[in-house]
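Each of the two complexes below includes chain A, the first together with chain B, the second together with chain C.
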Partner chain A sequence: MLGEFINPYYLQIGSFILINIILAISIYVTLSSGQLSLGSAGFMGIGAYTSALLTIHFDLPILVGIIAGSLVAGICGIIVGLPSLRLSGVYLAIATLGFGEVMRVFFVNWESVTKGAVGLSGIPHIGRELLNFFRDAGFDPSSIGMRNNQFTYLLVLILLLLINIFIIWFFVRQNKSRVGRAFAAIKMDEKAAEAMGINITYYKVLSFTQGAILAGFAGALFAHVLAYISPADFAYHRAIEILIFAVFGGSEVILGAIFGATFMTIMPEALRFISEYRYMIYGLVLIFMMAFRPQGIIDENIMQWLKKKLPSKRGRSHGSRNQKHM
Partner chain B sequence: MVLEIKNICKNFGGISALTDVSIRINEGEIYGLIGPNGAGKTTMFNIITNMFPPTTGDITFFNRRITGIKPHNITDLGICRTFQNIRLFSQMTTLENVMVGAHCRSKAGVLSGVFRPKSQRTEEQQIREKAIELLELVGLSEYHDVVSENLAYGQQRRLEIARAIASDPKLLLLDEPAAGMNETETANLFDLIKQVQARGVTVLIIEHDMPLVMKLCDRITVLNFGKKLAEGTPEEIQNNPAVIEAYLGSEEDDEIA
Partner chain C sequence: MRQIGKKSLVLISALMLVLLAACGGNSSQSSGEGDKGGTINAKIGVISYLTGPGAAYGEAITNGFKLAQKEINEKGKVNIELVIEDSAGKQEQALSASQKLMSDDEIVALLGPTLSTEMNVVGPEADLNGIPIMGTSTTAEGIPQIGEYVFRNSIPEALAIPVAMEKAVKKYDVKKVALIYGNDDVFTKSGFDTMKEEVEKMDLEVVTTQTFQKGQSDYNAQLTKIKGLNPDLILASALYNEGAVIMDQARKMGITVPFVGGNGFNSPEVINIAGKAADGLFVATPWFSEKEDPKVQEFIKKYETEYGKKPDQFAAQAYDALYIMAEGLKNAGEADRDALRDALAEIKDLEGILGSFSFDKDGDVEMDPIVLTIKDGKFQIFE
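This part shows the complex of A and B:
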């Protein structure tokens, strides 16, 4: 029954969108304290390789691998973040881009462990593990009319969706807290923020590291969803792609990053029928964006407008706030 | 003694911006720092808040040496400043600006900010109430949700003062707060600074508006070319021949020329 409606191809694209959203948020978080990092691809690679190697060679559960991958990326984030603090704007962008390139070369050349340019294959697949788990629990996908591979992709999609909801919730809440205000203050005026008692070193490294952890996390998920990674996945073009998610969608608000990642993942697929002109259209869109809307499609003004358009939601949030007061 | 500035010198390359300046500020005072443009007044503020270090000399705050301490720790100790060229967080609302000011008097980190335990909610509520109260103090009650770059100039200056007070300073440094204000606004500013003083805050103020300075300050130091020219009560300063020559006299020269 269900099997007729669910196309694994669409589910796979859905999964890529969700992973890309995490990457877009990673660049958004770093940008929210005014730092433009192009190292996301490098951190993504660290997360992916760490998790893949741990699960392949030490037979660790995927969950442990993913957590380790994120942490290792985070630690590298601190190590790169601290000396990069003196840099700002385009200089930081160049330094982090250099870091990404160093990582790629590292993955290519450390052949005994990373298998070089050939890449790592046979990485445990999240979907298959989940399927096994459900089978052990005595559940058969065919009982709801699905083939195994459909069920697998569906499980991955649902899992990634839950993860995304948590991450978005986390950073929306953080944004509205003392930490979020400190990030915004540093972004708007570093000197004034310092004069107001904000420890800018701490908060800049914090936001840089959060971005690194997220990118590493997305990388680890990427490895376990694709089951195959190679250094080319984390090269220069990936860094630019992630940057474009935020630049196109809008880097001022989290919804912008989400929109950018979604749109930029769907578009190449949707434009497959004119695939020869795909990248041309891609480029044109970006040129027009930069000329007419450099802040990205979704900015603060649109968020304000959306809030006015959705009065019911607004009313509800006011209601809950009143309850808290009591 | 709130602040003791001892023999401060500051050289930028070969130019000496401040030469052997010493100032002592008592608790509860409003202390004026005046002088012609380029006399080194803002440089002095930057040294007190350690935006950059002095070449030689020391500064103590309640008998504690603060030279070499990071700017954000100085705010933590109880010195906060405003800026000559307004430096608000321009895309934040008025209320958010003041809430940022309370940063060093609150503690919530990432996890408590996200998961919001009761302590965090109480703290956030307190910060908000404090910010609302301070906006009332500076007369911006109606502008809570206005993005600060859309405020009028005089309002922005007052918002900067509110933001600085939100850090509960014992010493408030005001850098030309009346610049660009009309007479009514200046009169309001006078009342505001007096109210700040009444809260037990010591004030050090740089200002070019002489009537305001003379009315407001308990004591004044005059700087000229980075050197201390005179110190005393407003009356003493007004009658000091050196000050008249260097400060007021030069204007007459300009007019003749």
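This part shows the complex of A and C:
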């Protein structure tokens, strides 16, 4: 029956892809205002630890934990974002990378709370909690022919998918709004943007904080999907990995970040059959990409081409955009 | 147009590969059912750290499995097929790999993953799905307590370190100890926790506790502090690459007191790196390559001819683990996940290359480690 078509393995990878897409968007948002931040791993860690600790020690519902995690990450984003505004380009990248490392060392050393390098285990799992909820409500997954683990992961996947759709919708809308235009103006030329009357400080901190909130949110989800976190998860490797999502897919458009996260998550899994060599191919793909398409796979040109190819779907959005201009 | 043609070609070839793989699975199954000479056919999934900085561990472990598999299959009572997946040392990858293996109904048990952090993620999932899982290199505390389907055959730090400490303390009449450990690694941190607990139990005085980070190369600051306080013994929870450097620098500084290390300190590499400075290190381990057991020597010989290098304790633990699985399958009488779990839980006094092996009620190891010490540039049994 239904159960035979659903493989928890694919659902699992699906959920990781969706979490990675949120992370990729978090770095896309900061990049869209011309700031290169490598602090996403640090913010992710803040979100993950906040949510995990709240749900473990205070028995709060996961939802509250995740929201608190994102908010705390956002507040840290403002705190870090304000002073580092003076920096740009590589200097900002180094400062934020430093912030990420500080956070990791902090998690390692605050042993009484974070249990240090051993990590936190026994974090409530989203899927299992949902399963219990459905069970209490008198619904048994076997009644529709699914095993428990299939049902759990299907629920997680659907939930993450809804979250993703909302986030993507939000940022696509934002790009077309005054905020998005301001980001783009700052990215093009900060001085010119300031001369045009854009409050640079406000918009730069806004985009930095948005990135931090998203990273914290993804981190909290990550903690509740894996049910175990340790400081090593939020080391600079993670920051680089997240940056690669956006850079590989193309950091100019949101679709690039989504594509990058999807592709870079699927590839190591799809290449499982060559086991030891798969990460070599991963490296080779990156080298070739940097040599032949430094702007990322998907850029504005491809978007234009896609729009031409899919006139029926995109036509309406063109229309609405024209109306706005009138 | 040409691009589309190319794409579809790739797609078709990928599809064909999948089909081919599916065919392979089916044929092995049918041959399994056809064989009714009392042989139990079983597929066992292996999750191992094969790519990335810790790939050496994963390689030794999978080599150990393969060697044992060959021998077991030759004997003919049990026919094991291994399905090996890479985890790259990451929790997400380990979880994906385990999902992949678990969703294959023919796979009756899982071996691995390599790291305790990975086991913390994979263990609960395997327990939930009712598939026995056995760690061969996971030594952190609380692993077998995850659930009743979770086992391990690697000796935990909580069992090994106290034995080594006790012997060293008795021999040198130790009153004051200094502790040094890597605080950003699960392995060394959990070793340190055991040491601290044991120090309190033995009522020793701790003069100082120093920490270091993975990959650090200069330990003079920590060692100067230790030297000034004059301890009788240094307890070092470190992996061999850092530990060997610590010993080397300590000896150069004039610290002559013995060191007690954890399982991760137990590697011939310590002698290669530190040379004469490694003398005076105590470790407790189930694995000793110089043991005069014909089984051990035969294993070493076979391993060397097959893979061209000496086996380490990870290979030995993996080798024994597959024998434990085979024994479990034999006792269960069929390749069934639940039957295998029950059979595994009852394993007692199984003779392997690491010694006599039993599971306790949680699925943890029950065995007596040997205490080794380095003397004249060689590991020797400490009496």
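By definition in this document, the second predicted complex is superposed on the first by the 314 of 326 C-alpha atoms of A that agree within 3 Å, B and C clash if a C-alpha of one lies under 4 Å from a C-alpha of the other, contacts with A are read in each partner's own complex, and residues count from 1 in each chain.
Criterion: contacts are C-beta pairs under 8 Å (C-beta built on N, C-alpha and C of every residue); 3 or more make two chains touch, one makes a residue touch a chain.
The structure presented is a predicted model; accordingly, all values stated were derived computationally and were not measured.
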{"item": "Room on chain A for both chain B and chain C (clash or fit)", "value": "fit"}
{"item": "Touching partner for A:192 - first (chain B), second (chain C), both, neither", "value": "first"}
{"item": "Which of chain B and chain C A:276 touches, first, second, both or neither", "value": "second"}
{"item": "Which of chain B and chain C A:79 touches, first, second, both or neither", "value": "neither"}
{"item": "Partner chain(s) touched by A:113 [first = chain B, second = chain C, both, neither]", "value": "neither"}
{"item": "Touched partner set for A:290, first chain B, second chain C, both or neither", "value": "neither"}
{"item": "Contacts of A:144 with chain B and chain C, given as first, second, both or neither", "value": "neither"}
{"item": "Chain A residues touched by each partner, larger count belonging to chain B or chain C", "value": "C"}
{"item": "Chain B, chain C and vertex chain A (Cα centres) - angle in steps of 10°", "value": "140"}
{"item": "First (chain B), second (chain C), both or neither touched by A:64", "value": "neither"}
{"item": "Which superposed partner A:94 touches (first chain B, second chain C, both, neither)", "value": "neither"}
{"item": "Shortest span in Å between Cα atoms of chain B and of chain C, once chain A is used as the common reference", "value": "29"}
{"item": "Interface residues of chain A shared between complexes with chain B and chain C", "value": "none"}
{"item": "Complex contacts: residues of chain A adjacent to chain B", "value": "170, 173-174, 177-182, 184-185, 188-189, 191-200, 206, 300, 324"}
{"item": "Touch list for chain A against partner chain C, complex", "value": "7-9, 11-13, 16, 105, 108-109, 116-119, 121, 125, 128, 148-149, 153, 226-228, 230-233, 268-269, 272-273, 275-276, 278-279"}
{"item": "Touch list for chain B against partner chain A, complex", "value": "49, 51, 70-72, 75-76, 80-81, 83, 87-92, 96, 99-101, 103-104, 106, 108-110, 112-116, 120-121, 123-124, 127, 163-164, 167"}
{"item": "Chain C to chain A touching residues, read off their complex", "value": "17, 21, 50-52, 55, 84-86, 88, 91-93, 95-97, 99-100, 102-103, 117, 120-121, 124-125, 128-129, 140, 142, 183-186, 188-190, 193"}
